[in-house]
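Both complexes below contain chain A, partnered by chain B and then by chain C.
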Partner chain A sequence: MSGTASAALAGGAAATTPTARPFSQRMVPYLYVLPAVAFVGLFLLYPMVVTLWQSFTSFDGITDPVFNGLDNYVELFADPNFLLSLRNTLIWTVASVIFPVTLGLVFALAINGIRGSGFFKTSVYLPATISAAAVGILFTFVFDPGNGVINAFLEAVGLGALKQRWLFESPLNTFAMIGAYTWQQTGLNMMLFLVGLQGLPTEPLEAAKLDGCSPWRLTRQIVIPMLAPYIVIATLLAVVNGFKVFDLIWVMTQGGPSRSSETLAVTMYREAFILFRLGYSAAIAVIISIAAIAFSYFYMRSVVRQETQI
Partner chain B sequence: MQMIRKLGLAAALAGGLTAPALAADVDLYHDKANWQDAYTKVLGEAPASTEAVPYADTSSYQAAVRASLRTSSAPGIFTWWSGYRMKDLVDAGLVADVSDLWKKYTDAGLYSPSLASAYTFDGKIYGIPNLVAYWAVFYNKKVFADNGIEPPKTWEELTAAAEKLKAAGITPFGATVEGRWPAFIWFQEFLVRQDPDLYNRLMNGEAKYTDPEVEQVFKTWKDWIDKGYFTDPSISFGTAGTNAMASEFAKGDLAMILVGTWYAATLQEAGMSPDDIGIFIMPNQKADMGPAVIFETGPLLLAANSGQAEDAMKVADYWMSAPAQQTWVDAQDFPPVNKDVKAKSELIANLVTEINDGGYTQINRFWEATPTPIAEAAVDELGGFMLQPDTYPQVMENLQALAEKTWAAQK
Partner chain C sequence: MSAAAMAGDRPRVGREVAFIGALALTVFWLLPLVLLAMNASKTPEEFLLTSGLEPPTTFNLFDNVARAWAKGLSSGMVNSLIYGAVGSVGAVLLSALAAYGIVRLRIPRGLFWFLLIYSGTVFPFQMYLIPLFNLYLDTGMYDTRFGMIAFYIAICIPFCTFVLRGFFLTVPWQIQEAAALDGASSWRTFWSIMMPLAKAPLILLILIQFTWIWNDLLFGLVLTKSNDVRPIMVALAGMKGVYGATDGPSVIAATLVGSAPTLLLFLALQRYFVRGLTLGLGK
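Now for the complex of A and B:
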């Protein structure tokens, strides 16, 4: 009896083992993921591999690529314009974390739970719905040295001496564009943090309040640590976006004057689509990708490590 | 679910309705969206059904066309840029030879053979004219009249006019770095007015940017900047959004703008009546030099590998004919290139008569006359000079280093 039972059990186990299922049935899960895999492979992985290959070639887009080893990379690091562009990219990356993310956090903390904050929320968020190109055009009007709002305002309040050619002096032009970028991006970060704040458990906050915790201490030692996952995401997105910022700069200064406000993405575009040095621009694309991936990896690793320690 | 299906069906139907019923025999690709109506008007009478296909952005246009040129799906005809900007396409054998077509029209005396020089490589012609513009000085007629100034015929009259306007509180000339490329405008003009031969040698790598003659150009330019003859170089020009230069010109705060003849339309959009706009060609620095004018031309090219190549050649023939050119000129107010065609406006008609009757040498503009890597980087250097004129010795060094690198790579 027991033998029969164990045989039946064994038979039952065998019947549910995946290897025993018909091939067509085992393939079903793979078929479900196939479209996504094909999509990612065709439109993401394949272009990445081609770009990597092109970065080792001299290629003008109309004749066959010619392998030239590391020439593009050697030229890149000897090119003062590339180094300037790298510097500007770092400024953008740091500034996109400092300004839109911090401001977004401050605004979210300030208005969270306050009645009638809807108008403020909408006003700060609205610019995020405009395309970067439109923001660029809008701010070329704002920064216009002759008739722009800023210079006109400075003139009107008797500070005419502070008038500037905002988009024509380096590094002032980069900071002016970061100002426009902050105007657009702050709302997005604010909304992200508001969502985070509204999802926080109320018990620890109430307990801290009952214990007489001051609002500043409550924010610093309880709210902000609990918001950490949102801060991590916002920072990561800001860094990656800062690294690849292009459209706003292209519309406002085209990287000028004298290439002084170029970032890596602008330099890449210029080399690829104006000078048709596709191999050289692929090398820049590879550098941007490596930097963004490396940052994301180390940042995420350190964050995960901190979380596990907690 | 049913609702979604209905919506999907409606979308599919709408897609089907908007697709062209019949494909045209020839596609004409271009990146000049605001010329679409004019193209449609001219091509409506073409011998093979031809459709103009506009691209909104120049860079994506160039990338798309370049990618298609090696294949049979390349457009039969496409707009491009002349001189060095089309040389790589010609070198790669991607553009059709249209020398025979030109021969037909030049033998009939309808086209000036010198116009083809901007599309000629190794004695063969690879393009037909799409746009021709001359680079001359627009002036505000009222401002000139109010200050007792006549269009200058000599360099001395030109500088005297500038001095007089400056004294009257009017900025004599517009100059800007906005949009990058406008930085070459005054450089090419000062070069040509000082020595056209020097200009040609510099463009072809036979002269150096550090030569004393080129230094003289920078010195003249800097002298004019120091004297306050130019607008602030950050003034907007209409390349991005605002156009303070055109509005100052319309208000009479700025007297003259040196630019291509296509700018007449922009000035009218800024509120100028055509009757208030005058035009003259910059005089030479020395009276004994022959008359010269800088011109710009953008060609239509025929893709050699295109499946539409045969029909495209017929359309190109029609494009050069007087009826097509008359429709084109009437729609665009461009200077006519076919001698049987009449200019639309009096402004352009007078200028063209002066150039044709005055025996002017026509010089291709900087943007196309020198290799693209030099032109593109040079406008950045020249823009730097315009913002900080004291830097000209360094700018000359940088330009020469750039030229040497580019010419070495070309050989």
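Now for the complex of A and C:
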């Protein structure tokens, strides 16, 4: 805080000097900033602008892109593959809030402050330390219809009738993958809620307990409302991430069978790098971006609000 | 504080129930990993013929890892080690330079330069893929280690600059003024004063970015094709596609080995990671 204040003061003083300083000296700060700007500009900003332009063209990667206005966008909303992918993406977005965030909250409330909570915390967070691709590979074996542990377990407890070809039927495969995703993401949400629980003020809790409030009522009527800002942040973060999920699906089903489990990120990849409809694919990328930026905006807004409150 | 107080007031029986419940939950949560590790030591034949719940009759884990090692696990791990190390350190260095230039050297319109760099993290990755792929084909960077390192540096810069800008704003100005009075150049001030001060955030950032690069699948998929360049996650996904049906144990073993570095990194540095968690949320 004082740093920014004195920086502003110093900046005000410096504003009068640049003309007095020689050109070579005035260029010094740019030398420090230039390398980072060059990397970001060449590898991130330039491709971004080109993608936006290409989304208004017909482009196969070999001949030059041909401008075709909004044709790609119009075509998308009549394309059954895209509409199915959009539906799956919405399922993913909603489910990634419902399962990992809710479970994360339940786990955090369950293990907060109990004996051995450090061990429980580490164990549940462990899957979040390995990559989505690795989780996808491992759970392909877990869901294997022949010797996977899920079917083996169902068989063992006498529910053999419930055995499924988990990753080969739509929409079952989307829900199976959401299961794997939940296994990975719950720990992250739990950590967030544990941070929130650590920061709760003690007075209202003590007062409620003195009034003879039961643990259940305490949790439901006092702790959870006080955690509300964290619930908002976890939810928005889950939406941002669930909307963009790619690695897990690509590894587990590649969006199949016959494109039935694709999300927008997978459809974009397939259209570009397998079907080479690059302009069409760029339009999907733009649609993903618009949605992601909208979600990120709300996320950042609530994070900033939360920080200013603290 | 409040947490301990809450639990402390629970009745004794309630506390035992909570403990046993949490233990059951944890066992259930880790069960897939345990069962997979068990299956990773079966022979391929035994794996195909037995159910996933049956323990192996022989111990073949090392044979399975050795087969996977020869089929791309080793090259994937070596590549990702290079990308993770060079990419994270390179990005953190360039970001530190930029943050120093913006905050401490008061580049004119500093906020503009910061937002220009930071805007690289606003858009989803899909926005980069197609032009990047074409750029890499046109310039000969496609399927080269150099190309992968350059890209990983670029993608890590916005977030690192964001964090280091925040850090440099908190460094007292007297330190820099004293250095200037002693006649230290901007470079010397950066290298001998600012960088040592920033050690903690620098190390944390290197760890976060190393993990990110190690876990990346998408850019490896788009920008590489040969074994010698593929990062680890692309190698594992490729192995699953080719050998998943015939040699399950070696694919599972390879995935566990390939995931071990980030997992061990987390276990070793847990305390710092949890602190960095709130920091890394935007990524």
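By definition in this document, the second predicted complex is superposed on the first by the 244 of 310 C-alpha atoms of A that agree within 3 Å, B and C clash if a C-alpha of one lies under 4 Å from a C-alpha of the other, contacts with A are read in each partner's own complex, and residues count from 1 in each chain.
Everything that follows uses one rule, which is that a residue touches a chain if its C-beta (ideal position, glycine included) is under 8 Å from a C-beta of that chain, and two chains touch if they have at least 3 such contacts.
Being a predicted model, the structure only gives us computed values, none of them experimental.
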Between chain B and chain C, whom does A:S214 touch in the aligned arrangement: first, second, both, or neither? neither
Please work out whether A:I137 is in contact with chain B alone, chain C alone, both, or neither, and reply first, second, both or neither. both
Between chain B and chain C, more residues of chain A are touched by C
If you stack the two complexes on chain A, which partner ends up touching A:Q306: first (chain B), second (chain C), both, or neither? neither
Can A:L167 be said to touch chain B (first), chain C (second), both, or neither? first
Pick one for A:G61: touches chain B only (first), chain C only (second), both, or neither. both
Kindly classify A:L275 by the partners it touches after superposition: chain B alone (first), chain C alone (second), both, or neither? first
Quick one: is A:A156 in contact with chain B, with chain C, with both, or with neither? Answer first, second, both or neither. second
Go through the superposed model and pick first if A:R259 touches only chain B, second if only chain C, both, or neither. first
What residues on chain A does chain C touch that chain B touches too? 61, 136-137, 140-141, 144, 146-147, 251, 269, 272-273
Considering the complex alone, what residue numbers of chain B touch chain A? 59-60, 62-63, 66-67, 69-70, 88-89, 92, 94, 177, 179-180, 232-236, 240-242, 244, 372-373, 376, 380-381, 383-384, 387
Can you check the complex and tell me which residues of chain A touch chain C? 3-4, 6-7, 10-11, 14, 18, 28-33, 35-37, 39-48, 50-52, 54, 61, 107, 110-117, 119-120, 122-127, 129-134, 136-142, 144, 146-149, 152-153, 155-156, 183, 188, 191-192, 195, 197-198, 200-202, 205-206, 209, 215, 218, 233, 237, 244, 246-247, 250-251, 264-265, 268-269, 272-273, 278, 281-282, 284-286, 288-289, 292-293, 296, 300, 303
Quick one: in the complex, what on chain A touches chain B? 60-63, 136-137, 140-141, 144-147, 165, 167-169, 251-252, 254, 256-259, 269-270, 272-276
Touch list for chain C against partner chain A, complex: 1-10, 14-15, 18-19, 21-23, 25-26, 29-30, 32-33, 35-36, 39, 47-54, 94-95, 97-98, 100-103, 105-108, 113, 116-117, 119-120, 122-135, 150-151, 153-155, 157-158, 161, 169-173, 186, 190, 211, 214-218, 221-222, 233, 236-237, 240, 244, 248, 251-252, 255-256, 258-259, 262-263, 265-267, 270, 274, 277-278, 281-282
